[in-house]
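Down below are the structures I want you to see.
In the two complexes below, chain A is the common chain; its partner is chain B in one and chain C in the other.
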Partner chain A sequence: MRDYTIFIPEYIAAGSAVAIIGLELFMPKFRKDGLAYLTALAAVAWFVAGLFFIGKDPKSFQGLIASDDFTTYFRLLAAGIVFVVALMSAHYMRDRTKTASEYYGLMLVGGCGMVYMAAATELITAYISLELLSFTLYILVGYLKRDNLSSEASLKYILLGAFSSAMFLYGMSLIYGVTGSTTYAGIAEALSGRESGTDPAVIVGFMLILAGVGFKVSAAPFHMWAPDAYEGAPMPVTAFLSTLSKAAGFALILRLFSAAIVVDAAEWRWAVMVLAALTMTMGNLIAIQQKNLKRLIAYSSIGQVGYMLITIAAIGYGDPQGGINATSGLLIHIIGYVASTLLFFTALTAAYNKTGRDDIDGLKGLAETQPFLALVITCSLFSFAGLPFFAGFATKLFMFQGATTSETMWVVGLAVLNSFISLYYYLMIIRQMYLYEPVGETARWKVNPVLGGLAVALVLAVLFIGMYPGPAFTVSEEAAKPLFEPGVATGMARVP
Partner chain B sequence: MTFDEGQGYVVLATMAVPLVAAFLLVLVPGTQKMWVRYISAVTGAIVCGLSIYIFAAYQVDGSHTQMTLRWVWVENTAFLGKDGVTLYLAVDGISSTMALLTGVVAFAGAIASWKIEYRNKDFYILYWTLLAGVFGTFFSYDLFFFFFFYELAVMPLYLLIGVWGSTRKEYGAAKLTLMLVGGSVLIWIGVFATFHEANLGTFDLPKLWAAGQDGTLSPTFQKTFFPMMVIGCGVLAALWPFHTWSPDGHMSAPTAVSMVHAGVLMKLGAFGIIRLGIQLMPEGAAFWMPGLMVLGVIGAVYGATAALTQRDMKLISGYSSVSHMGYVLMGLATMNQIGVTGAVLQMFSHGVMTALVFLMIGAIYDQAHTRDMKDFGGVTRVMPLWVIFYTIAGLANVGLPGFSGFTAEFHIFVGTFKTYPVFGGMAIFAAALAAGYMLRLFAIVFFGPMSPRWSDLKDLTALERLSGGMLIASIVMMGVWWAPFTDRISSAVTLLPGVTS
Partner chain C sequence: MVPLENYLVLSAIVFALGVYGVLARRNAVLVLMAIELMLNAVSLNFIAFAAYLDPGKITGAIFAVFIITVAAAEVGLALAIVIRLFRNRATSNVDEAAILKW
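For the complex of A and B:
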């Protein structure tokens, strides 16, 4: 029997998306920030609906889509990100556009794309979910169509994104050609059932898939689109890109790599490790030279992707328990990273709404003119750098610890070195805010209460995760377990 | 709740009180500068009182670790087994001494910063956060929290020096922060490797120490990672050749930060070498200690020589700190009872003595706006009390009997002569150089003709006298009645693995 109930949370999200677009269609005068609050409300409903799935028995939909704790984890994360980004956009979009319903609608749809990237247990479903998210992002990045930078960013993102999708598809077709199955379970069965050595076509397939998803999460050397897309996109979309699309990419990678191709880990784990080393080093070294905050965060998040990729390599090197360890570490770091990034962009959006500047010099003297925002930005940067009290310390420590195996030790060492390099450019931002006097107007100004409240809530979240990581870590472990236990979640028990 | 556990809450309070104070200060409006000062003074007094209590209540003939408090933080999740991460606080002989040092210097620094007008609220928030980190590191018996608090103590320094400092403050702040965090990169790696190698699923330090002694951490592993841990911590302890942040950082830092930094923070580095080096990797220590001895001696002689050539008073003290921390490292490297005891005594002695020196330099710099000793002369005539205080600090620095420096250095030299006579001789040479640079400073600054430009310098304020008085009391107490210190320290030192009696 087909169980459609596992889609209920996304019915809510997608239904709200349609309703919001319809609302503006029939009431063009509807307040644009009102649409943002409606979207946030829809995200809350989506989140609450998602809560009912916690700890339930895993279910599979035709062997294509799994509903388990891993899916639930990303479902709640998606709803949370959409909630924050919608509130972040309220003021920003009202000042810049006349029609905003598509913007908010697409955001909800993109969130659904992320959920099914996490839930997919079959290649084509995974690909469609990935494209659903990618297409919403292409539009969102270019949403300010009168802004040349925004349009340019969108075009560049579409061209490179299409290229990476093609690589992903090619890799998929090679794997299908050898294994004769598109389901993860089928692929795993076919790969482990072979008698002779690995078919070169499979290795090429792995590499193409790795390159394809590498593009999506902006791993070096496939990161070229990220800085331009980040810089050109509207500020809240940059936040959306650097949190939701990254988390979604890792959701897909985790399920695909742990369920389908972990049996042939020897063929790809070294490549992931090299990719990780390259990504974090390039991201952090190039970030040092940046003058624009969005570009800097783009490179800094490339660095973060490098750290996260180590855990994927560690899954390849470890036994199932090692896989759970590494994945729990990655998932808790995703929570910490998402919270810190959203915090950073909330504060930056508030500052941008006032000053209209997104370069590092634009923050000069912020500690005088707006000490609260300066403090908030400092918190988020310290969290990125992994300093204690903030989420980044605990989550990074757990992630690196989980990813430490005898083989990955050297990349973990490199990652720690890289996070030291990153502290340098974070300090350069902090220096602008605290060590210099403001230029121009020096009077104190007030922060929009919605953004201020959001920032306070996120600071508390970042501090809570940093000081008491227990609950977040338990949740991460629960979400990681289904990936490594044979059962519905990996698509093993298919409903005929 | 047992009495010991009740005392554990006292230990917890040393971290909680500064953090609560920092939080309270966030709520106080920045314009209420006096309220900020009152809160900080009260916090300093409480913290100082708590640490005196911890020092006094530590039972020398009791069990090795006392005042234990354990709160399970995260366990049985993923790679964390039972007691994965625990907030495990306890006091042993070494940390009880360090607690006293921190409490005294924290209080002295808090009242010495009374004069700060520019954003003093932000200053004290960072100051108390830093001290919570220092206390936490001294008391943590869990590797996760040890490292947590260790980083917490380093984190606020960039802003403290960058915003409130003087003389090339941006350069000094960035250099100091980057070098110290660079050192902690090595500790991070060491932590990951240790946890993975021990494979116990816990960050509990006593269990990891046991693993280090029974060979769960293999000798090869210990020999590989001991240098990482020691260099990582050693950067903070101004281990030559990683000391270069120290003179620049001290020169740029505001008075109270110099006091706390030279007085307490540098000791965290040496303390880390004991906890993560000697206790965690005894095999590695046995293998590498001669190397540490060589670096320690070079640091001691080099620091003293460099101090001889400087004109900026803070730079002289900065290099003198390098020299004295060299003694500490030498004491640790002897790996015998008396030498290691001497190292910990020196940590205390150098802490209070150098805090006093920086307090005095701050007292004159705030009025004269120069620290170049060639600018001064005959200051005795206008600031007699200042001269007396500075002289006491200077003589303790040189190691005159009756002051703390003598007690500490005597232990270290005896310990060094036992194992490495040649290096013992070089250390005494460095002590002679110390007399040289101190007396040179005294002669130029205190005596000789007085420039009329300094005729309106004011002597120490009441707060500076209080602050300095506490430090002098500590210096003299250790100099004349050292039994309470040596009893506590040696009770802990005898239990260190690999230390011969």
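For the complex of A and C:
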């Protein structure tokens, strides 16, 4: 069926992107922070349009791309992230660039890329939407043209990104060769119809696909681009990278792994589990010795990716009900992780606008000069570490619960151990803020009201999810269900 | 008719050469060329599979067309970024882009 109405919210977002770029083209004098507020407005419209799609019957566009609750979940998430990051960038970009419309336009387009990644039920569509998101990120990372670090980060990101896409594609071509189909349903059918026995082409294909998507979500050992891209990128783009691109990568992985190749789970689940263990350990251990805050958050987010990957392995080990539990655990943790990350970067952007420093020592004595920001940063770090009453605790708990099967038990144990390691370097940041005297200027300064309001709203959200996770959990469970309906994932006949 | 295996072996060799180029080359433009080589190997794979295993259907060929298009866009973008790095630092050598590390 050709039903063009299933992506109306994305038409709104993409249309606004073109309108914003056109606005600056014809009115070059338009206020640069005004563009940010327009983008935020577009994101609100996108979000509201997305609300109408909740709970509707799943629809598919000729089996290529589907609009169901899973898609709508990522649609709302994308709109929310674009909203927050646009407001976060308003003053940052105004002070640093002369043209900002492409920045905001690309942000909206990148959000659409994420939605299509979540919606794709066919390899070509998945690839094109992955590249749509990646291209916008390459440009956004290098947006500060005269900045040495920004252009270097962008070059490293695009070279490794293109390299990983090529590997991903080679894996896809092998899977296509074995199954003769590029739709997820067709692949699942052909794989389950195959007489059993391991086919080297299939295993190599799975491993290459895993390496490709591992690059995109920055799983170790494919993580080396992430710290560089995070550190060199403009501050709000770092927030965008660590929330949107991570969530999008997992959207693609979830749909691809649960709908297409879950039938041959025995051939990839052990690899995902090893990848998860390696990723969380490396991320957390390397984070300890970091001096730059963005770089530290990059490694800490690599650690978080490690925790999230366990759920993917758990999908491979469980039955459909176990799959729903694991997926909804992952989805709820994505909400908690995104909220805490956005909170952290909102506060950090406010501090950076004032001090111009993004290393850990730059936060020295922040509790003296700006106690509110110090409190906000502390909240977000506690949430990252998973302390009770903050979002990170509840969501991580649900995720580990969903991911625990008899085979994945040891990785979950390792993840809990890693959470303790991570507490150490989060507390190091808090120590800088509270136990040291400020360097230089000691007078109190005021936070920009937009960033302050945003920080208050996000703190409330983090506390709300932490103390009352019910609504977030219901949302994630509803979003997880379409992936495991019989018929969508044809033949959940699993290899024992 | 040439058997399918020949195409697959050829494409695997081209892909491996591409990987070698990415790892061994020091100039960003040459790294990009190596990545192009990898993408071409993938296209060859897709077209060979489409012609031999999936007669009458052209999904693989369509995929190849998309890969060529996206690869062109990717190179355009990457060259723009290389030029910017060159303007800032007067080098297109990936080894010298090493301010950000560890």
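In the analysis below, the second predicted complex is superposed on the first by the 484 of 496 C-alpha atoms of A that agree within 3 Å, B and C clash if a C-alpha of one lies under 4 Å from a C-alpha of the other, contacts with A are read in each partner's own complex, and residues count from 1 in each chain.
Note that in this section a contact is a pair of C-beta atoms (placed from the backbone, for glycine too) under 8 Å apart; a residue touches a chain by one contact, two chains touch by 3 or more.
Fair warning: this is a prediction, and the values are worked out from it, not measured in the lab.
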| item | value |
| --- | --- |
| Which of chain B and chain C A:Ser245 touches, first, second, both or neither | neither |
| Which of chain B and chain C A:Phe400 touches, first, second, both or neither | first |
| Partner chain in contact with A:Phe473 - chain B first, chain C second, else both or neither | first |
| Touching partner for A:Thr279 - first (chain B), second (chain C), both, neither | neither |
| Touched partner set for A:Ile128, first chain B, second chain C, both or neither | second |
| Contacts of A:Tyr138 with chain B and chain C, given as first, second, both or neither | second |
| Partner chain(s) touched by A:Thr311 [first = chain B, second = chain C, both, neither] | neither |
| For the chain A and chain C complex, residues of the former touching the latter | 123-124, 127-128, 131, 135, 138-139, 142, 145-146, 148-149, 151-156, 158-159, 162-163, 165-167, 169-170, 172-174, 176-177, 180-182, 227-228, 231-232 |
| Chain A partner contacts - residues on chain C that touch it in the complex | 8, 15, 18, 22, 28, 31-32, 35, 38-39, 41-42, 45-46, 49, 53-54, 59-60, 62-63, 66-67, 70, 73-74, 77-78, 81-82, 84-85, 88-89, 94, 97, 99-102 |
| List of chain A residues in touch with chain B within their complex | 324-325, 328-329, 371, 382, 387-389, 393, 397-398, 400-402, 404-406, 409, 412-413, 416-417, 419-420, 423-424, 427, 430-431, 434-435, 468-470, 473-474, 476-477, 480 |
| Chain B residues touching chain A - in the complex, by the definition given at the top | 30, 73-74, 77-80, 85, 133, 144, 147-149, 151-152, 155, 158-159, 162-163, 170, 174, 177-178, 181-182, 185, 188-189, 191-193, 195-196 |
